[in-house]
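Some structures are shown below for you to check.
The following pair of complexes shares a single chain, chain A, combined with chain B in the former and chain C in the latter.
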Partner chain A sequence: MPKTAMHRAFPVLNRRQLLAGAAGVSAAAMLPVKAWAQEGRLNIRVYTEPDDFDPVDASGFGEALLYGAIYRNLIQYESGDEWSYRLDLAESIEQTSDTTIEFTLKEGQMWSDGYGEITAEDVAFTFERILDPEMNSRILPDVGTLSRVEVTGRYSGVFHFDEAFAPFWWIALPYLAGTIVCKAAIEDAGGRITTEVPPTVSGPYRVRELRPGERWVLERNEDYTGDIPAEYERLDIVYIGDEASAEIALEAGDLDFTEVSPGSVTRLQSNPPAGTAMSMHPSLFYVWVGMNMEHPKLQDIRVRQALQYAINVNAIIEAAWYGVAEPSTGIIAPGLIGNRPESLIPPQGDPQRARELLAEAGVENLQVTLNVLNDVTFTTAAQVMQATMAQAGIQLNIEVHESGSFWTLGVEADGDRWRDLEMIMNRFSMLPDPSYATAWFVTEQIGDWNWERFSDEEFDRLHREAGTETDDARRDEMYRRAQDIMEESGAYRFITHGVTPNLFYNNTVPGTRPDGLPLAQYFRRA
Partner chain B sequence: MSRFRHTLIGRLARDPLAVMAIVIIAALVVMAVFADLIAPYDYTAMHMTDRFAAPSAEFWLGTDNLGRDTFSRLLQGGRIALTVGLTAVIISGLIGLVLGMIAGFGPRWLDNALLFFFDTLRAYPTIILALALAALMPRGLTTVIVVVVITSFAEYGRVVRTQTLSLKHSEFILAERAMGASFGRIVFHHILPNVLGPFFILAAMNLPVVITIEAGMSFLGVGVPPGTPSWGSTLKDGFDHIRQTPWLILAGGLPLILVTLGFTFLGEALRDQLDPKLRSGR
Partner chain C sequence: MIQYTIQRVALALGIVFVAISALYGVMIALPGDPTSVLLGPRATPDMRALFREQMGLDDPLAVQILNFWGRVLSGDLGTDFFRNRPVAVAVMSALPHTVALVFGAIFWSATLGILLGAFSADRRNSLLDRVTGVISVAFIAAPSFVVALYSLLLFSVTLRWFPSIGAGEPGDLLSRIQHLVLPSLAIGLAWVGYVARIVRASMLEAMGESYIRTARAFGLPRRRVVYNYALRVAILPAVQVLGVGIGGMLSSAVFAEIVFSRPGIGTLIYTSVSDRNYPVVMGAMLVAIGFFVTCALIADLINAALDPRHRKTQ
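After this line comes the complex of A and B, so read on.
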């Protein structure tokens, strides 16, 4: 090869050029990390992967975040510090009697991809699918006593209820159950959306691509006709289960917004990464330790109560939530109707009382297994429980599960593992109405979400009646009593509601619910 | 004295690499065996006011996220590592030894079948196979040992088979056969002693690999349950809390580095002393 040709193929650097290059690389490394939001792209982390393409099958917050961006509801939660909602598809919506809600849609609201205008037929179809027993929808409890939706005009209709159901406004209309789907598209699809990319959307974003286990890639929906158009050309909902990994991803510029672990709060408050800010929100979630009442080891109420007394909630909060959360008194958070001022069993527990109860039950050398999610907060909490329960003479074994395994442990439809389930540390998401908490613990939910297999007639009745009660004071009393019953059964030890600390880049104004969970459609550039 | 110099131990004693290996391994074994006596604290004791403490006179290697003394936990972790390592190496070695000799001595079809079996197992990436097996079994130390045995015996089998095949056709074995030596005599007096050299070298080299598999499984959350002070769990705790303290991950990695160095040095020293080709070349 001639020398000139070799020079073109392999550029030769002299010492000065090499040093200059190295200095340039070093300087570049010192530049602040550029978050994607500056480039018209937003990356929001979600802790649980949206895995259902059809709202009728939705079950959790992952789907709620996705649907908020690609679909619309009659009303939507507002972003901010106070729980409120705004009209979205609805021009007007009104409770016209205890058992009827009348709505009128805005005209000219369109489905994407040529599916036409959104009409009252779509609204009726959406809710009737959930009510249809053949659909076996897991969000059926969200619609409570709804019996049917009457279409009174192209843009108007009436929700009819068997009995008054006040929670409908907070847990159904602006959330998963109220996600309006396109009747024509679903019928074209054979009754259920099974494709990864929905055939039509109505929200400010549309699905461009799904990368399972990694992210949902959304892009601006050019057919959107609502009031809150997409701020970003591209919006990625990034699934990262582990909070420590999410923090690293944010600091590397791969995320613009994430919830962080309670253990990072003090450090991030005193020394935040360049260009970031942190916000703290009171969470509505509830964390508890449940005991399977049907398991042979735990059928004696005295054994379950011994376990309740053996758990030191204060120690768990201090170790796993780094003292930034408070012990909870039940499944309903402070500020909501039905929150109890205190639990029946003191948070610090009582190892001596636990020993006495075990002696009364004639149980010696009790060994129980606690199942927890593979999450550092929960595994830390479990280890603290292990240590404190040992003081009561109870040996606690810990079984850690990946997300996929964990969320099917007590589900009868997913196998026989529910039979061997002894104890579980669990966390459920929550909405600003107490019925959304009690709904999962009624007898009907056994084998679905009620993994403790707790069944109490009075509890079921209270849940049912409180849902139809319109007097807040009376509801408050009923939900408090319902939580007393849960605790008296020995099947529950309430731990905390936690907190939601969010970390985000300053070039983003996050849209969040009052409890800190993101509402993707409201995110804006600073 | 001169007779001792020519024994294996005597030869190893003159090899600086072997001496270093034996010192490291002996120190680890002593610390693991006498962990309860050496440990300054109960390895489960939580000191919540001293969480994430840096190394100090009070806590020699600092503390973890629950304020537990890292040094005391690493000593207990040594017990787990040696228990898993030795048990798994002995069991997988014995299985590999037996199957390897059967393959080497058996009929052609059996040799091919076993060879296919060994190669199939070895073709899987170890940690992926370990994860798959762990998903099917209850979590715990026994599972870790079973997984490690399944993932590692094929390597012994392969080596022993190759050694057996080469010895089977050697002249002294043919001579023994011609003189009417029994099958048992040929196997136990001639083949086995000659196979054991490479076998022990492999076992020594494999021990840190086995310990690392256990640590890797615990790190990935499919090994020992949380709270069990294995070295992998300590590494995992260090990773989870790397923003709070760097000491935990450093402390968790230190014994793994030492055990790997120690057993690798020992394996190399044994190979130098036991491999006739290397010895003659010296």
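After this line comes the complex of A and C, so read on.
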């Protein structure tokens, strides 16, 4: 055969060479993975990817986990089963009046990489850039009525508020907004941290490398001066969106800690992977079924109440949460101020009462549409609802949406879909202050996040006043009443707060918030 | 050949333009507001308005598409407002992972497929040929997600030979290869079957050609005739199929990257579509479509170079 272009296009390999090459590559790849595993390394899974290293742009839990490891706050959430906080940068901090909080920093707390000591100037700078309209900070609402931070000394200062703002202690100081940044480093960076790694850190770990879409590689911060030093030489925050993939990764030894799905709990408890343990935590999230009060089908309160009674919460939890969660009594979870001991309508519902209410309203053959996220938990819950509501003579149609579509269903700025919205099964995240829950259901949220278009003057007043009330007992009473009003409106059927099951290896003592979300800086070897 | 190349390149550019413009239109038409996703529930109307203005979402669709192409032609893919970085940086950091994955799949398809096909043709109608045929069809029939899950359970969980997630340590080639084996196998296995069947059929056809008979008549060893002469001709259709198959492999890469939690264009597009992160979706789609069209173009040109009849029939 003559030499043709084909010879130039393909290298001339004989069969033995080809086989040898393939075998060599395969053999090299089959060397045991664990030979490369490093001692003193911890891999924690996060289900949402942190956006960046600048707290002013922070938006959620991914950043909270990362910032907890690399930055410091005046106070930090404590790891454990009850919500509490510990002093971190603050030597002392106290509410000195309804509108002032005074703090004093510990001396000798250092920024890494030669940025010097952490001072009250840094604290003031941190909060003032959040307040700065030019920064367009996503976490501005977390600081509430904060007006300014006064620096009274190198280590001391005063937070000034326009009016009392009780949630500041729970949703700002120990969380994203309270993440203290280095004034000098931010100014050097031109006002925002947009670099691959932050120029300076203060927490027990520092950023070695960012691998977008995969992991954040942290290492011990040798310049750390706090009292919870890094336990591990290397800490990887691994982004895995899918829970099933995360479970497999943990079983394969590629993760040390992950949240698992409720559906896996029974299997993992009865047949746990070798060397692992599981912990269960009550979640703060709240799941509910909402009814659009302005929709023609649902304007009659008796129809809405009939739907409330037709929903069997116990059956939903048994099927969709595999019986490992508890029915909720409202939007505020147990352990928080404002949690109600029980709901007005029993969890199991009452199909007969639902029929009576529909008859009183003169409605026959009611058909309603429930909108749910394309998540197996919610679609399962919807199917259970469909079956149990049929017992009350109600035909439930289910519409499933992908997340981008679902999360704007009731948003007026995104078109007219809110007009046709009838019922929604929804889940909101939560922080350990009740105001964070009631905030979405006030009248001014109609068209944004109040998709039920629920409006009640007393509720709005309670939300407003409870946010400025500093007496815990009084706040507790106000938030309970607020949830009564929500349920009495017929627009809400509270389902559950869910549960956070965590799976981890026995050689690790996880540090978690009471709701089970990890606090990377507290993880220790067993 | 030059005229043919120009025609094919022009057609490829046209395909990229039409595909991207159509995708842009579809994406904007989808319900879902990026400002809600990005800024979260606590965003004020002013913050949302500012963000929409920054992203150019208030402009008419045609203006948005023209602006997009204007930026692309000036070498700017836009800004990822979710993470305050240029889209080009996001795309270029993801692209090598996907390219490696696709070429890993091609490696499996080509080496195993050609070996199986040649082996099968060489032992035509034998028991081994039949077994190989069954295996090839089984590979074709096995869905990628089943291959991925079972390979994870077997090789990662049970045997712990290969890692289950990630793309490996930067700078460590062995780690990179280890992390590539299972996802590329999941994508490439079905193509092993296709390639094997194509190579077998082509080889049988080639072995009936007169030049093969001549070679045999001259007393050349059978193996040399089969593997040196017949196989070289028989793998041409496989090259063409793999070139076109890169599109399918790219689609499978989306799934494989999610299951194996690998960074890559697929993961980037998937998360960006969910977030309605339009600039990143468009930048990533432009690169993905461009990659596919380029591979198909190269396969076409190689075929045309090797076989002049190919360019005459276009």
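Everything below uses one rule, namely that the second predicted complex is superposed on the first by the 324 of 526 C-alpha atoms of A that agree within 3 Å, B and C clash if a C-alpha of one lies under 4 Å from a C-alpha of the other, contacts with A are read in each partner's own complex, and residues count from 1 in each chain.
Here is the rule we use: a contact is a pair of C-beta atoms (placed from the backbone, for glycine too) under 8 Å apart; a residue touches a chain by one contact, two chains touch by 3 or more.
On a predicted model such as this, the values are computed, not experimentally measured, just so you know.
Of the two partner chains placed by superposition, A:135 touches none, neither chain B nor chain C. Using the contact criterion defined above for the overlaid structures, shared-chain residue A:197 touches neither chain B nor chain C, since it reaches no partner.
Applying the stated contact rule after C-alpha superposition, one finds that A:383 touches chain B and leaves chain C untouched. In the superposed three-chain model, the partner touching more residues of chain A is C, compared with the other of chain B and chain C.
In the superposed model, A:361 makes contact with neither chain B nor chain C. When the shared chain is aligned, chain C comes close enough to touch A:440, but chain B does not. Of the two partner chains, chain B is the only one that A:319 touches; chain C does not reach it. Once the two complexes are laid over each other on the shared chain, residue contacts for A:399 go to chain B alone; chain C is not touched. Of the two partner chains placed by superposition, only chain B is touched by A:374; chain C is not.
Overlap of the chain B and chain C interfaces on chain A: residues 402. Considering their complex, residues 44, 46, 48, 65-66, 138-139, 221, 225-227, 239-244 of chain B touch chain A. The residues of chain A lying in touch with chain B in their complex are 244, 247, 263-264, 267, 315, 318-319, 372, 374, 376, 379-380, 382-384, 386-387, 397-400, 402.
Contact residues of chain A toward chain C in the complex are 1, 4-6, 9-10, 14-15, 18-19, 22, 25, 28-34, 36, 49, 51-52, 54, 57, 59-60, 136, 138-142, 192, 194, 209, 211-215, 238-242, 245-246, 248-249, 251-255, 402-405, 407-409, 411, 413-415, 417, 428, 439-440, 448-449.
Taken together, the chain C residues at the contact with chain A in this complex read 30-33, 35-45, 47-48, 50-51, 82-85, 90, 93-94, 111, 115, 152-153, 156-157, 160-167, 169-170, 172, 174-175, 177-178, 180-181, 211, 215, 227-229, 232-233, 235-236, 258-264, 267-268, 271, 273-276, 302, 305-306.
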